[in-house]
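After this come two complexes, each holding chain A, first together with chain B and then together with chain C.
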Partner chain A sequence: MKVTVDAVEVEVEEGTTMLEAARAAGRYVPTLCFDERMAPFGACRVCMVGVEGNDAPLASCTTPCSDGQQIHTDDETARRIATATVELVLSELPAEPEEHTELAEVARALEVGEPRWQGVQHEPKHDARHPYLAFQHELCISCGRCVRACDEVQGAFALTATGRGFHSNVTAGLDSGFTDSTCVTCGACADTCPTDAITEHLLLDLVGDPAKDGGPQ
Partner chain B sequence: MSTRFDQSTTTTCGYCGVGCRLEAHRVDGSVRSISPAMDGPANKGHTCVKGRFAHQFARSRDRLTAPLVRENDGFRLASWDEAIGRITEAFNKIKAEHGPDAIAGLASSRGTNEDCYAMQRLMRAAVGTHNIDNCSRVCHSPTSFAMRSSLGLSGATGSFDDFEAADVALLVGVNPTQGHPVVGARIKQAAINGLKLITADPRRIELSDYGELHLPMRPGTNAALLNGLAHVVIRDGMVDSAFVDARTEGFDATAELVEAYTPDAVEGITGIPAADIERAAHLYGEAENACISWGLGVTEHLYGSEVVQLICNLALMTGNIARPGAALLPLRGQNNVQGSSDHAALPDTWTDYRPVTDDAVTSSFEERWGVKLKRERGMTIPEMFDAAVEGSLKAMYIFGEDVAQTDPDTAHVEKALDSLDFLVCQDIFDTETSKHADVILPASSFLEKTGTFTNAERRLQMVTPAADPPGSAKTDLEIICMVSKALGHDMGYESSADVMDEVAEMTPRYAGISHDRIGRTGLQWPVAKDGTDTPILYTERFEREGGLARFAALPYKPPGDAADDEFPLILVTGRRLEHYNAGTMTRRTENLSLLPSDTLEVNPVDAERIGVKAGEEVTVRSRVGEIRLPADVTERIEPGHVFTAFHFPEVRTNLLVGQSADVNTSCPEYKVVAVSVESVRSPGERPQPAELVTA
Partner chain C sequence: MSHNLIEMLRARERDGEPTAMSILKDAVRDHGEVTDDDRRRAAERSGLPEATVYGISSFYDDLTEPRGHRHVAACNGTACWAANAGDYVGDLGERLGLKPGERSEDGEVSYGTVYCLGFCHSGPAFRDGEVVDAGEGALARVAGGAAVQAEEPEGRSVLDEPVLLRPGDWSGLTHALESMSPEELLEEVKEANLRGRGGAGFPAGKKWEFARNTDSPDGKAIVVNGDEGDPGSYIDKHLMERNPDLLIEGMALAGYAVGAERGLVLVRSEYPLSMPALRAAVERAREAGHLGEDIHGSGFDFDIDIEEGAGSYVVGEETALLGSLMGLRGTVSARPPFPAQRGWHGKPTVVNNVETLCNVPFIASNGAEAYSALSPGVTPGTKLVCLNERFRNPGLHEVRFGTTVREICEDLGGGLVDDREISAVQIGGPLGGILPAKLLDTPLDFDELADVGCMVGHGSILAFDDQTDMRALATHLLEFGAEESCGKCFPCRIGLQRAHEMSARPELIDRGRLEELLETLELGSLCAHGGGMPAPIRSLIEHFPSELGLTNGDGPDQPDLGAEGDRRPEEKAQAGPQQPAEDGA
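Presenting the complex of A and B:
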């Protein structure tokens, strides 16, 4: 079937998502919770697009295309929702995300400036018990990518989403750290994390390692 | 995209045979981080604890950075000229006095295809002997032998993608989540998504927990199990007669042979309940598309090469071959086990396994290199050690292999190394083997060289340097070319691409391979002159004379070692996730803090009988040696069996393994060693033969 993304017509297979169609058409759609290695999740609401005939924007990563659809990645409402979402996410972080992170990239692409809302920010909480993997819990935005990478790419089932609302975060095992969980140190969580909430000590060494200084022990 | 790195290079992992494509990130001249390449065909954006994290070894302070030559009882630093001068002097003297066959070389399954091809050319053209072998001798040589004999070619018939396309997969003697973690993860995901998995292994492996059925056979009884499965497939009418008639030969003899292998009879031999054998045969036989995968639990036996032929039988009689999802997928151990053998680092074959006894092929190499070559095969690794002890082999050039740790019967190997007049080791670290060397040449790791590895899918992939070799160390190819030139045979290669061009020119099945064409996503051989590669083998014909695959009617025969009153337990050895083979690399990384030492897995029933608790030290004694290590009491291992790995030099597991080896390929029988296990604290503690327990 055929769909049009920002006036670019693309031929797609049944079941193709709007995000896949947009990427096939060479159009940029910002995403935070999406990773092509895992099943679409639809949690972050950053990949919103406008669809002709639809009143409200749709999450492109979880919505399948139908024939003849006209999709707009630059839909004004969609962009406004995405930008505000990223702005809210940033407002909870104690510091700006590192430049190389996907979150920083998306914020740049959406031109999110200093957050307008000044609410509570996460307190730094680091875990440096594992020889390679480091937690910086205050950077967790609960996108669920690490948990899904652990389940759907590796199959170690070591990570779990914890807490509710502002206290949502991620933990290894029964809050026992990577080494005492079923973690097999494949690194898929660090690889997919869009904020460095899970990263490697070796990489933190390159920018100074806060996790090593402020571990819980 | 902004980055923290000075440079990122896409290359291919140098650990196991999966062939993950990696991005190696460089800061200040060294590799500081590795992440998965999203377009890697085998890893699809994933890595494991070895490929991703265990790269610190490359920056280790004890890397060899300059040549070393023996002086008195130790070594001293030397220039490249002096080191190579010593080699040429010794080799020329030995050649003059004893002939070229008094010298032997080992290429490395860790090296690139180009390194291995150059190494065999060095031995054949510069030294003048076919005494060249590589470490696939001690792991998958039985696979290579059997697949060539049954199907025609030495390689997997398909790709890892087949696990996702299959309905059923049978894993025999392989533990992918530990030994081949990225494929292990792919199989686990496939199982979660509906692939019906049958695991057959003396240990209950992690994937057994995700499978339909686990078949814990007694070590060394694989042949009985496979003939039993064939029996049920035939008895219950699951044979694909159209396929058998059109594309195979020898079915009737096999059918006749397996008649005796009733599930009850097989239960008697293997210990697997007859009902489970029936169920496994039906799962496999009734699948639309089924794969079989195996590892060293099949090959490292007295009849390993025969069991691989029995695996081929099962696939052939059900027509489960040559389609997506229907494949035979041996999981090759090292990064380049496939390629080192493909590229002629074997005593009996040229590239693409063409025999040295074939006059036309050998003539073509004589012509290409301007030398005279014999038509008789050279020595295999075990034959080399025997010849050294016996006195007819005088010198060895060992590149990238720690035979004194990894080969069986360590005491015999060390005696062989000590018997040599001259030993060259080319490696990145001092090893147990290099302690016996006369000259040690400092080489390069996979992060520092250019070339290709061939993974377990027959896929050649580019290795691209992300850092420079340390100090005055050189790439393996440079060193081999220098030594060859000093011996009077200038190979004339300017780059590793030149080596591959020569391979393509000399090898019809590899005719279209070049570094340019390999590109980012690789080529699966055979590769036609126009560059078309072959993801699935045998879609039209089998690569044997007449184009038919061959059934092999082979009975079960007992393994070379058996438990008795003195040695009542069977030791099985294998890999652990955190470490890699001799541990030369992984023990120099933080992986050591993830797994600092080895243990002996003992079933609770045996532990109680022996009187040992978890964590307590035990002595393990076999007919040839003795080691000590702590016990791990676990139900993963069946009663009557014990398990340990071979990653730690302080344990030296291979002191226990004897000389028993595969009947066709002399691959050692690492998987069946009768042992006795005693608590070191037990009252009847036996005095230790001290010379065998070297720390």
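Presenting the complex of A and C:
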């Protein structure tokens, strides 16, 4: 079947998502929880697009295309929702994201400014007990990419989402750190993390001495 | 929802092991908290990874707060809040010497809050163990360790022959098995245009057809959403406890029409009497041959399990409900796949609300035409509504669609106690809009309520009297929204937290900023929780702008343009005592 993305017509197979169609058409759609190695998750709501005939924008990563659809990646409402959502994400972090992170890239692409909604932020909590992998829990935005990488890519099931609502986060094993878990040190979690909440130590070394952060706080 | 985790559970299904969540619940019952040993044991028995079990144990209220031998909880639901009972959460905590979430040092007593015990007719309500006490003197009785089970009103129907408040007698199932094919029953339910009673109003027949038409090598399931978490609603509670046979009959009929052999009910743990009532009814039905194999010689097999939840509002959303029923975290999943394609243990699954299924025996016995005739010219069938403690005659009523909200409030409810005036009513739960007194002539029906920013929802009619502080109400609702967000999608996870903070601060609220946040929630959220929580706030902005304390950036917004019944806070202060804002839990 055929769909049109911003006036570019693309031929897609049944079950293709709008995000895949947009990328096939060479259009940019910002994402935070999406990683093409894993099944779409639909959590970040940053990949919103406008679809003709639909009043409200749709999350492109989880919405399958139908034949003849006209998709707009530059839909005004979709962009407004995506931008506001990234703004909310920045408001929960105690520090601005490092420039090289995917979160910072998306914020730049959407030209997100100072968050208009301010309030409590995540408390710093570091875990550097593992020789190679480290958590900076306050940078976690609960996109679920690390948990899914560990499940779907590596099959190690060492990670889980924790808590509920604003207090959601991620941890390894029985909240006992990577070492005391089924982690196989593959690094898939650090590789996919869009905020540096999980990093390989080498990178962390550049920003500070992990030994000083000690164990869990 | 993780495909791999579901496959792990599916592989264990035949072993009949309890879910990880129920093993953790047993641990709390046994020794008051979840330990790492409990988590390891739950992982081993359920076949789930340890990390996954840790995630489950950190999600549910019943698993995260320490429990004493005696656990006391104060209802923080909106009906209890609206009862003008002052700071009853703090007062009871003081009497117990505990703050919400705490346990005494000797491990004897613990204290918490809970969003709705379903005693909205006589709040504020308190739970002490399995006993729920409510209304006048309840706080003192509970504090003194002498709680008495509160009485509950009988349901009343405006119909001579009630549809939902008649005891289930299995005549619908007997009739269907004798004289209707599954396809004919499905057609009848579609023809009856039975709309879901849990909030979304989706046609039940379409859902059934979707599941019926999905091929499955290992069966299908009918799941009942007994997680009536909407504060203010005690309709499903009434049906599950007083009329469980009708619900079970409706499930069996759904199973027959869909081609499912398995039925499951997830009952919320906040209703201690619901699970025993349902289990007893299932046992009776098995003994009478209404459930089991080859029911009444028809060749149709169907049986039912009753499971208990662990405290989470969003588990009332169907994908979260399925996660919880499998013992996993109760977070929402993006659709597709829809439950009808891939639901409980990966099988095609119909998720229906309790009241929805209670309509089915009537349709099976009497047909779609008779069903449509119940509410002439409007949505077919009848609706249960329930009224809160503010009414002179609070209780549960079966009404025809199209009845006006005023008729329900005045003729059935008898107006408010102490001759107070209704300032507004919230219909259908926390995701429903708030109808100001001037719009009470709106008919109770899907489209008519939608036109004024409201919804039928669960059917609760929760009145706020003229003493209610609308800003405090906004804060109360948004606190509920933020606390109960499952945390999956970003707009809801962060947006409801920020909206609550805006309302809880003592300053004026920037209207433009609030409205942009509400739009982000409405259009960005993954499910109806984040999408629906703005509805009552939008109503308050529209009908009570002065009282809400809005600013347009340059100063108070529309200070003299408030809607009818809207007053500035200083005027309100002269009218009577204020409802203190809750900051417990």
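The rule is simple: the second predicted complex is superposed on the first by the 210 of 217 C-alpha atoms of A that agree within 3 Å, B and C clash if a C-alpha of one lies under 4 Å from a C-alpha of the other, contacts with A are read in each partner's own complex, and residues count from 1 in each chain.
Just so we're on the same page, contacts are C-beta pairs under 8 Å (C-beta built on N, C-alpha and C of every residue); 3 or more make two chains touch, one makes a residue touch a chain.
Here the structure is a predicted model, which is why all the values come from computation and not from measurement.
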### Query
For the overlay on chain A, clash or fit between chain B and chain C?
fit
### Query
Is A:T179 contacted by the first partner chain B, the second partner chain C, both or neither?
first
### Query
Just chain B (first), just chain C (second), both, or neither: which does A:G155 touch?
both
### Task
Classify the contacts of A:A95 with the two partner chains as first (chain B alone), second (chain C alone), both, or neither.
neither
### Query
Counting only touches as set out at the top, which of chain B and chain C does A:A188 meet: first, second, both, neither?
first
### Task
Look at A:A43 in the shared chain and tell me whether it touches chain B only, chain C only, both, or neither; answer first, second, both or neither.
second
### Task
Counting touched residues of chain A, say whether chain B or chain C comes out ahead.
C
### Superposed model, angle subtended at chain A by chain C and chain B (C-alpha, nearest 10 degrees)
120
## Note on the structure
When the two complexes are superposed, chain B comes to within a least CA distance of chain C, in Å, of 6
### Message
Considering only the contact definition stated at the top, list the common interface residues of chain A for chain B and chain C.
### Response
152, 155
### Query
Can you list the residues on chain A that touch chain B in the complex?
36-37, 99-100, 104-105, 131-132, 152-155, 179, 184-188, 191, 200, 202-203, 205-207
### Query
Which bits of chain B are touching chain A when the two form their complex?
1-4, 27, 32-33, 35-36, 38, 44-49, 52-53, 177, 181, 185, 188-189, 192, 210, 577-578, 590-591, 593-594
### Summary
In the complex, the residues of chain A that touch chain C are 32, 39-46, 48, 56-57, 59, 62, 64, 77, 80-81, 84-85, 88-89, 91-92, 116-120, 141-142, 148, 151-152, 155, 157-168, 171-176, 181-182
### Query
In their shared complex, at which residues does chain C touch chain A?
2-5, 36, 39-40, 49-55, 58-59, 312, 329, 331, 333-336, 482-491, 493-498, 501-502, 513, 516-517, 519-520, 523-526
